[in-house]
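Below you'll find the structures, each written out as structure tokens.
In what follows, chain A forms one complex with chain B and a second complex with chain C.
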Partner chain A sequence: MSFRIGATVLIGHNGNAIQSYGFKKKRILGNLQKVLKFLDAYKVDEIHAIVPFKGKGDSGSSRIFSHLSELSISTPLGIGGGITEINIEEITQDPFFERCIFNSAIFNNPELLQKTKSIMGHQSMVASIPFIIDDNLKIYHSKTNSFQAINDELWEEIGSNFNEVLLLDARAEGTKKGFNFQVFKYIKFPIDRILISGGLTKCDINKARKMGLAGVSIDNFALHSEYSIEALR
Partner chain B sequence: MKEVIQCSQCLDDLNHPLGQVIDSSGLCTGCITHKEKDLIDWGKRWSELEKKCTEILKKGGNDAYDCIIPLNADAEDYYVVELALKLNLRPLLLYVNNYFGTDLSWKNLHTLETHFDLDLITFNPNIITYKEVVRTSLRKFNSIYWPYQAIKTAYPVRLALDMKIPLILWGGLQATEQVGKFSHNDEVEMSGWSRNQHDLFATDEVDFFGTGAQISNSEQFHYTYPDLKQANKIKGIYLSNYVRWDPWRQNHNMLKYGFAPEKTQHTFDQYERAGSSVFYSIHDLLRLERHGYLKVRDHLSREIRHKRITINNAKELYALYASQYVDIKPFFDWIGSTDSGYKLLLKERFKYSYKKISKKANKTIKIQDYFISSYFEGQNHCSTKDFVIYHKGI
Partner chain C sequence: MVNIIDVGLGNIRSIEHWLDRSNLLCKRVPDVESITDDVIIIPGVASAGEYMRRLKKTGLDKEIIERSGQEQKIIGICLGFQILTDYSEEDGGTECLGILKGSTKYIDEHKTHNGWNSFYLDTRKLSKNMHIKKKQKKIASGRVYFNHELKVELDCKAYVKSTGDGVTSFAIQNNIIGFQFHPEKSQKTGQELLELIV
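Moving on to the complex of A and B:
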């Protein structure tokens, strides 16, 4: 399978696209419909549309997913952030997306993962894993809004439930300081089914391609210049 | 937890049209991003800009010009030209006539052209069509600027493609400078998306001309952006990503080239959009209707960030400006509105600003005392003609 260059679009609670920097600072990007339309025109391989949950209560995801379903774009779409037992049947009734992206369910909701898999198929399952590395690898749990250590058991769960992993370097997110490839020392998941995101430079993208990763997902900078994606191919 | 909607440091709130975020400490992205200016090595950034320009020009292009500089006929243009010459570029100046320029605006435009002895192209859109598009913009979006913004951002790219000029130099990126929508480190460039989102407020040509406008397809041409793949051949750089941007200070310095500032009772900033007959009148009232604030608030927030005014003084000053009167009748005469049409629009579209609309004389606001430091000039100028018709054949 060819190396994919996708883009991550974060969606705020008011339905606007937002930018995130270092997993802390937020800035508005703009009208969601136009953001997706232009990414479509710029020919990204796929779009990861995520509603950041970050420990908050109702994130309004169902309403946002419903809005997304009305947009006409031809680029394959992955959605995530707020897929729950309550809305999974509704949003998969007439799926306008190809992939479901999960974070908190990785930790403690195998039922939801099974249910989604049974409706959408294993190929649709993507684990979103924002990470930091201090002495060791820590991965983000959106429900508790914290980074926690990961054990072998959890890697096994991820391996059996997900087709792909989207690794986000949380500290490099929104910057040009480079993706932290040290993370691969800790990863127990097939490398050809991993996408990386956060702080990516052209050099990083070439490295990811050479390593045989599935692809990359560009963060904020996808729209910071005309056809930025094209220059990365 | 209740959402914070007002910045604790400046006058901005979440209703800014360019998009504000206020963090948990109560600071808006405009204030947060402004602080980057103290951390960036601007000397290094300038070297990066020089390198970038060299790279762009290496590919070849026009024999006579290296870049296009789109103009507003205000002080910032002078500064952009100054920087372009410092970069050893050979600029071609381009002015898209929005028909809102007063005699002062034209004076400033021609002083710029003659002082720097540069070539200037003036594009005058078909005024009949233009007025119809302005009327449509007002009717559909309660704004009069969409037509100008559309041409001003599309025409330079078309001209650059036609003349094989690979670079367009813009001054400040408003989205970063006003609301900190991007980090300076993002080095955001001109793009079709950015034009749509920031200049056209997410209303593209299809949305705009879709229904209601009596404009033929061929007449829509100048309002539309080139194909994105074509547009990608031209680089558009915002200088505020490479120079520590301080509009009031840098615009004041442009007096040395003969720029004439404008005395207005609607802002203390005599430089931005000096010589516009609509920017601080009907355009500002429509901003108030749509977003709940007047342009001077952007100026005051900017000056708070530059530490030239305190927030309390800024609030006081804003209240004074908010009580000033605005006469918008000349604009309606210009677009050919009937008296009954004018009265209907006043009633329907100016709900919050209705009381501000008057021919009454304004109070003179003594502004100097409000500022810790300032860039005023004693010899301000006044426009004498609101709408100057200056185009082919007239």
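Moving on to the complex of A and C:
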């Protein structure tokens, strides 16, 4: 199976595409439709369109996804951020996407994961895991907007509920400082089902390919045309 | 007017966009009464158990089987291809439509098959009884997108192409066409393919 070069697009609450830096600062990139059309034309292998939830009660995801469904793009699309029991029926009733990306449900909502699996199929399930490493690995929980330790039981749940994991180096996000590969000391998930994101350099992308990872998801590199997708393949 | 089966599951909107990009008209078919004699597309992105349950509830299962015997062109995509077989291992075992003799099994060691593989179809290689219209353009080639955990194993005579890792990529048996990949999300190649088959 070929190594995938995907792109992550973060969506602001006003429906614009945004760029996040180090999981903190944000900058508006522009009209979401234009950004997605650009990536489609650029022939990235897949697009991850995420509405950052970050503890908000109502992220407006349903409205944003409804807007997204009108876009005619020919690139595989995964969506995430603010998918809940309340809007899951609505979102999956008329899907314009192939994959669902979850974060907070990983921790405490097996019912939502089960429901999505029964509607969309297990192959569609992607876990988004932003992480930091201090003394140990901590992963982000969007509902509480905090980084938490992860135990074996949770890895087991992730292993059974998800087809793939998207690992985001939160501290390197939006930079070129390099992805922190130390994270693989802590990961208990098949390596060939992992995509990485955050701080990726050309060297990191080559390393990920050699390691046998499923692929990478690049952020502002693709959006600013700094690298050629074809050259990275 | 292409019929897209709509039981409230599957990436129907993506299929509509795909057809629209080639200026093909389509309609959603939620029940037996809405179906017409044109091409039928069964979309993917769902699980076999729930999809078959809803097909049976609407009676569309029997209607599709009957129409397949009357030489109406039927195109199954991903799960839509898998449920054309007799049986799928998904959801603890699911009885499927049985239009293509064979079964759908988990990929060895429960591996997953996500990403892009090369694709090549030369319609001149197909026998005359296969329902591919004669067009000026004869070949579609490039790369196509896969995202699945189960694979089709056919036990019938059909034109079948597999990927290098032993996954049935697509099969054509007269009026029945199945794609394991997602042509609607396969960029330029998917569009070229659509123009060959519909």
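The working rule: the second predicted complex is superposed on the first by the 230 of 233 C-alpha atoms of A that agree within 3 Å, B and C clash if a C-alpha of one lies under 4 Å from a C-alpha of the other, contacts with A are read in each partner's own complex, and residues count from 1 in each chain.
The definition used in the following text is that contacts are C-beta pairs under 8 Å (C-beta built on N, C-alpha and C of every residue); 3 or more make two chains touch, one makes a residue touch a chain.
It should be emphasised that the depicted structure is a prediction, and the values quoted were computed from it without experimental measurement.
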Practice problem: Based on the superposed arrangement, let me know which partner A:188 touches: chain B (first), chain C (second), both, or neither? | Solution: neither
Review point. Which of the two partners, first being chain B and second being chain C, lies in contact with A:27: first, second, both, or neither?
Key: first
**Asked** Which holds for A:94: it touches chain B only (first), chain C only (second), both, or neither?
**Response** second
Comparing chain B and chain C in the superposed model, the one touching more of chain A is C
* Now for A:202: first (chain B), second (chain C), both, or neither, which partner does it touch? -> neither
So in the superposed three-chain picture, is A:214 touching just chain B, just chain C, both, or none of them (first/second/both/neither)? second
- chain B versus chain C as contact partner of A:117, first or second or both or neither: second
Listed in rising order, chain C residues that touch chain A in their complex are 8-14, 17-18, 20-21, 45-47, 49-50, 79, 90-91, 111-117, 143, 145-149, 165, 182, 184-188, 190-191
Within their complex, chain A touches chain B through residues 16, 18-19, 21, 25-31, 33-35, 38, 41-42, 174-176, 220-221, 223-227, 230
In the complex, chain A touches chain C at residues 1-4, 40, 43, 45-46, 69, 72-77, 93-99, 117-124, 163-164, 192-193, 214-215
Seen from chain B, its contact residues with chain A in the complex are 18-21, 23, 29, 32, 179-183, 185-194, 196-198, 202, 204, 228-229, 231-232
